[in-house]
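Right, I'll just put the structure down here and ask away after.
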Amino acid sequence: MTHRALIHLNEAAPEKIRAVLQNTTNLLAALGPGTRVELVAHGPGIAVATEPPTEQLTALLDAGASLCVCRNTLTARGLSEADLHPQAEVVPSGVAHLVVRQAEGWAYLRP
Amino acid sequence: MTHRALIHLNEAAPEKIRAVLQNTTNLLAALGPGTRVELVAHGPGIAVATEPPTEQLTALLDAGASLCVCRNTLTARGLSEADLHPQAEVVPSGVAHLVVRQAEGWAYLRP
Amino acid sequence: MTHRALIHLNEAAPEKIRAVLQNTTNLLAALGPGTRVELVAHGPGIAVATEPPTEQLTALLDAGASLCVCRNTLTARGLSEADLHPQAEVVPSGVAHLVVRQAEGWAYLRP
């Protein structure tokens, strides 16, 4: 079975972001190739996409994980896609994305 | 598709409650008319229903969102329905409600 | 219907652990006999399995709840199964367990 998982990130603390990225690394290692993971960042959590990327984030994106950033958050903060990690994808609403994906059968984690 | 979403609130900090209400506003705006949203408050999170309502809470309830408050929490705190927002609905257990609704296909968010 | 619920615990603060155990007690009381509950602990949350067990944890495990502890966390902290509550079960990855169980239809709570 191909697993699909959402990781909900709405906090900016560096230790929280580190933990979330480590959780994601462990998840991919445990569930194996083909697993789909979307890290959905909104509110303060968009720090993961605006701060200089850590090696772990780069490794995750290179391994096929997606980084989905909320456009409502960009608008509220006066940011644009140019301010984000080049591999980030923008979704209209982070919370709506989390709801739609669950309706499609994706699992949800809020570390 | 009509989306159905649970918003789990068990914290009392005003900035957390503001963020959760904003998330809910954004969710409804993104998913459109007919979307069902239940804000499920228990433990310290019942502050959303006992404090004077913000304009945003009033607007959400007027737009069709539901505010579900845990009876176990009321009992533990010596509160009654008279202490709650007049549009609040009381459920026997907030956590049980979240489980039953997910079994019915509702998506879950814990902002 | 037999309900099945995951409780995600990744925090170590004693008041958080107390609240999570009380939530679990309330959940079992509300959903009735036969309800399956797994408390999935990883990261700092493994404190629930390494600290001396509270009466409430013992009562929950005696009532049929499961305590699932992440092996990745044990490894990262230099711990072994001997350091855990005798009724704890070790799973290879806490976050992967949460994803697999949701794919099997379990509900998810992150108190």
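The first chain written gets the first letter, and so on, giving A, B and C; residue counts start at 1 in each chain.
Convention: a residue touches a chain if its C-beta (ideal position, glycine included) is under 8 Å from a C-beta of that chain, and two chains touch if they have at least 3 such contacts.
Quantities reported herein were computed from a predicted structural model and do not represent experimental measurements.
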Copies chain B and chain C touch; is their interface built from the same residue numbers (over half shared) or different ones?
-> different
What angle of turn lays chain A on top of chain C when you fit their CA atoms, given in steps of 5 degrees?
-> 120
Let me have the rounded angstrom distance from the C-alpha centre of chain B over to the C-alpha centre of chain C, please.
-> 25
Multi-partner residues in chain B (2 or more other chains touched) are 108, 110
Under the touch definition given earlier, write down the residues of chain C that touch chain B in their complex.
-> 1, 3, 5, 19, 23-24, 26-27, 29-31, 105, 107-111
Per the touch rule, the chain A residues reaching chain B in their complex are 8, 10, 42-43, 72, 92-93, 95-96, 98-100, 102-103, 108, 110
